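Input: structures, listed below.
Next, two complexes with chain A in common: one pairs it with chain B, the other with chain C.
Here is the complex of A and B:
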């Protein structure tokens, strides 16, 4: 058995790999599969490795991505990001200027978030043993909600909100890799804390997730399976940009599987929906209600299509493997 | 002497006991007959000769619905009581459920005669039935099969009906759905708000009037609702297409009688037999010359699916018109609608009026569909009238559950000597099909008290069938994943009672391959035990995954890029699909990044797109079906073979080139025909070669592509000419409905 590229897709193969690793740690781990762990005194911790090709792209770069990605994992659990520790794995021959452009943009997001850099490490690998630069970032913060947001809080009737157009980052990276014209497409790479902070004061907010690897579809599948509840979303309500739609069309990607890097999905009690939306609208004008949690079809996510049926949403298989016979 | 027989098979609820009683009286035998959970127990007193004669007649004169699996003599005693009394005893329930539930059967001639007799108490009664006909599978909730355990439980019989029911000599003896106008279900006509306009016969007459006026009606039948309208009314048919959001997929028709059917289709002897069989499937026959039906009934194809009336309601409605569109009532890919409230809710925006009744449908089931390839019938959907009839094995089977495929899903489960295959359960990607799968699965397992220890499932890591089945089966000992086309092969061999090795031509749309690429044009050698991949269609990139299935031009472009120099391919593509200009360039630029497939379904779709027939499909296999429909002539496209190590590759590139070059010289019909027959020819060449190498002479044909009648007929004929023996599906469909059966067959080979 070998580790394959599909194990990094964020979909089922990834889940299974993680399960296998956790199995070994079963008596030595805080076993919840949330984006970040909450430990003593409401301290939230997460760690994330970043590799992206190309390293610089419209809307961001690997440095910004590392800080956003790791702090977003805190933000979506209602944890205020305070500190980051960063490790750089650098390939021999990387232009120094590139490294510092990445460090510089990482610094700028940290500043914006008021996050302190508390520890760092650099390693240089011989040429060919890495692809330019890998950044691993550990973020720490303080939980500020009364109850931690999480999958366990979900209940039937909860409303599901996307904070902005989905799939922007994934579509952009795919387009760049495939050598397609990216036209006005930009990554959504951005810190989520400014968006989440006001929500921490609203008691009806249940659960949030940044839709990174595997996209919105994967997050919702994890929710449905984790909470043993059904989720229904409406195809026509999902915010999407024209560019993402046409790119997905050409490449045959499912927009629900394309990664976001600054767009979250949030489940809230319908009673506080208005309050949540008006709070979000300031900074995320394109946020939208996309569906709801239900007690029907537990464990399964359904997508209401424009022709009236309800299709099952699943996680990606890694490569785009069609299922139709 | 005294002798006791145990008769097994479909012997309950089919008029078997009255038949025994009649036969015993005829032969002057005494004794009794009783239903139990294993079957029917017959005790006979009398002389040996008469008893032997009884046993013989039992087999040959059994009622039409009975399916006798075995007659076992379980007790014999020379001493005998002289009594010539023959009685029918009460049913007894045993622990193990072995009695088989009969399928639902079309109204019989005797009942029809009564229904048309003004002096009969059931004159024009829409729920007339007897032991030989009426609903069965769809109304049973529990075993043993008794009225209280059906959805008829809420209709207590009137005295007269009870008398018939209790009278051994009556045709309605123990007919569980027995009913009359005084005690039985009621029919009514209402609008989308549920407001009633008329009941019983008035409802039928008013419904007919509305149909003649061009209205769309939802009509409750045996296994669910149909949507009906006048097939000669262009406006009505078009409106139905718009409301149902179903632009092209052909609608089925119901004809009053043979004359009406013959006015629109060509019916050969085999087709006639099927049309008139009490199972009443939809039979797909070639369109006749001038049928004056709306061109929207079955656009761009050369066949109509037609059936004869199978419930009293149908017969009454069709007295007023000779033909009706009768299409399953559902929304997009959902399972059909069967409940009254569900009908108002879901069909409210489709039907103008509803003809409903209060006999509940416990088990939804679609009409079965059989297509005629000349004299060869091909199941394209096995459901009403056939399910839940099991496949019978000579040996007792290990308890196996086959989870099936995904898009045309069924499951199969073993029990004792039987394999039960569920009805067609639809596309599991549609969320309500999942609920149906679960319901039918629960029903089978609880009815027969089955708890499978073994699960067999498809290799595709995301099939929902696998997920549902493994969630539901808690006490599993073992699991086994089976490659999709191996399951096809095993299903076809099982269907033919063939236990040896065969060469398999497994042609379909998509199956997850052992190498994780997408298979679909596979030449396998093996049996249910194991297989090897001896060859396959040359692979090509599938641009855009599932999207490529909906837009055949994408794969067509991919084939052009494999066949011609890039610039030439682009030039041809831009001429063929000028509207897709931007996408064509992007796809061409990235062709090597897409997942590769050897799919035959896609190959046919692509050929259809190259010939300009269709660039986007609105139903499964539409492009391929339309290609088949226009094919006419004696051309033969040049497919070639390439030997790559010990694998034979079927190279379609010369055939694609032939299509492109032929576009100016030949007509589309010739090109379409040539593409079909060329593929047949190369498949037979490959088979011949492999047969010579391996000594195997049986060639199994499975996979959805074999629903293509031309390909099937030509290939079989050529195989026979080459001295080979084609094995085709007979009791199952070659499409993915057979996957669950194949999985079980592989499981049996593995665990028995």
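Here is the complex of A and C:
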């Protein structure tokens, strides 16, 4: 048995691999279905490795992505990002200028978020034992919600919101790798904390997640399975750009499996829906209600299609494009 | 200008690269010359990337090394390791068995230290874009000393202790890579917290460091430069095994530049020397006083040689063997 590319998809095979790893750590792990762990004093911690190829792309680069990707895992848990610890694995022969461009853009987004760089490490790998640069970022912060947001808070009737068009990052990276024209498509790579912070003051917000590897579909499957509840979303309500629709069409990808790097999905109590949407609209004008949580078909995500049918949404079973983040 | 193997040595070129990175982060970094940062509530944080080749070696493997290496950075700061967040970059085609052997030995040392696994990430890289497995580990813990140990605490007259024979890990990995007979040599890879914990109750302990990449010589240079004080060590007092001496001889390496992964150097007030040595002797019978801090020749480390002379110790200027940790 060997590790295959599909184990990095973020979908079903990744889940299974992680389950096997956690099985070894059974009595020494704090595992609560979230990407960000909460330890004492409400401190939130997450870690993420970034290997994106190409390293520089419209809308971002590996440095910006490392800070956004890791701090977004905190933001969607209602945790204010305060610190990052960053480890660089660099391939011998990388132009120093490329390293510093990536560090500089990591710096700019850290500055914007007022996140401090507290620890770092650099290792250099001989040529051919890495591809350019890989960055692992551990982000730490302070939980500021009364109750931590999480899968365990979901209940039937909760409304599901997408904060913006989905799949932009995944579609862009796939298009670049296949040599397709990306038109005006940009990655949505952006910090989510500015969007999430005002929501931490609204008690009816239940659960949120950034839709990275595996896309919106995978997040909703994890929620449905984790909460043993059903989720129903409506194809016509999912915010999508014209470019993502046509790229997914050309490449044969399901838009629900395309990664976002600055777009979140949020579950809220219907009583606070208006307040949440008002708050989001300022910075995320394309946010939209896309579905709801239900006590029917527990563990299953259903998609109402445009032509009136209903299909089951699953996590990806393989990897569409490796190294998207 | 390109990144070269020497930038990963842990010596002078690494210091310069890190300085350039920190220069970009000037107003957004918490940098106090230590490998472990202290944030609010006495929480200590460190991050380390591990790429060691071979992945399995006498005395340890990449999994054990990742937990020891990262938690040791906390231990030498007087910080009890409590949590690890671990990120795996895996090359497609790695036998799953090898991944699980590494995870299993990471688990065993975590269990021994009662360190909890709080967050993880796995990414899979296409064949040829990594070599087997790289692990980045962020360790978190609680400072338990009255004053944090650190370079700023050093004063003239402090006595310098090595907790055990130096250079074992570096000599072993170099020998394996050059295909030399390693005899009964084992890596010293081990957690330092069991050794350091009793010292946290002794007020005269000033500063400690695990002598990883760059070896004992590099740590002492960093101390002398960081504290603007001189350091003098005596060649005859440095604990060394017969195997390390002969391997260093054959390979032309300076033992002061060979990495340790379970051996620390500690600076203590002479008033508490007896108490510190009594505490260390139990678990580290080969610990030894090797020198002292002085107000002469600030910034310079001097080595009294066996033949009666004195030579300046510097950090390595190049990389002896890449991927030792």
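The criterion applied here is as follows: the second predicted complex is superposed on the first by the 318 of 325 C-alpha atoms of A that agree within 3 Å, B and C clash if a C-alpha of one lies under 4 Å from a C-alpha of the other, contacts with A are read in each partner's own complex, and residues count from 1 in each chain.
Keep in mind that, in the parts below, a residue touches a chain if its C-beta (ideal position, glycine included) is under 8 Å from a C-beta of that chain, and two chains touch if they have at least 3 such contacts.
Treat the numbers as computed from the prediction; the structure is a model and nothing was measured.
*Asks:* With both complexes overlaid on chain A, does A:297 touch chain B (first), chain C (second), both or neither?
*Replies:* first
*Asks:* Once the structures are superposed on A, label A:317 by its partner contacts, choosing first (chain B), second (chain C), both or neither.
*Replies:* Only chain B; A:317 stays clear of chain C.
*Asks:* In the superposed arrangement, does A:180 touch chain B (first), chain C (second), both or neither?
*Replies:* In the superposition, A:180 touches chain B alone.
*Asks:* More residues of chain A in touch with chain C or with chain B?
*Replies:* C
*Asks:* Where on chain A do the contacts with chain B and the contacts with chain C coincide?
*Replies:* After superposing on chain A, chain A residues 319, 322-323 contact both chain B and chain C.
*Asks:* Using the touch definition from the top, list the residues of chain B that touch chain A in their complex.
*Replies:* 245, 331-334, 405-408, 428-432, 434-435, 460-464, 471, 508-512, 516, 518, 520, 542-549, 554, 583, 586-587, 589-590, 593-595, 601, 620, 704, 735-736
*Asks:* Going by the contact rule at the top, pick out the chain C residues touching chain A in the complex.
*Replies:* Residues 1-8, 14, 17-18, 20-22, 24-25, 27-30, 35-37, 39, 41, 43, 45-51, 82-83, 85-97, 99-100, 103-104, 107, 110-111, 114-126, 128-131, 134, 136, 138, 140, 319, 322-323 of chain C touch chain A in their complex.
*Asks:* For the complex, which residues does chain A have touching chain B?
*Replies:* Contacts found on chain A: 12-13, 178-180, 249-254, 297, 299-300, 302, 305, 307-312, 314-315, 317, 319-325.
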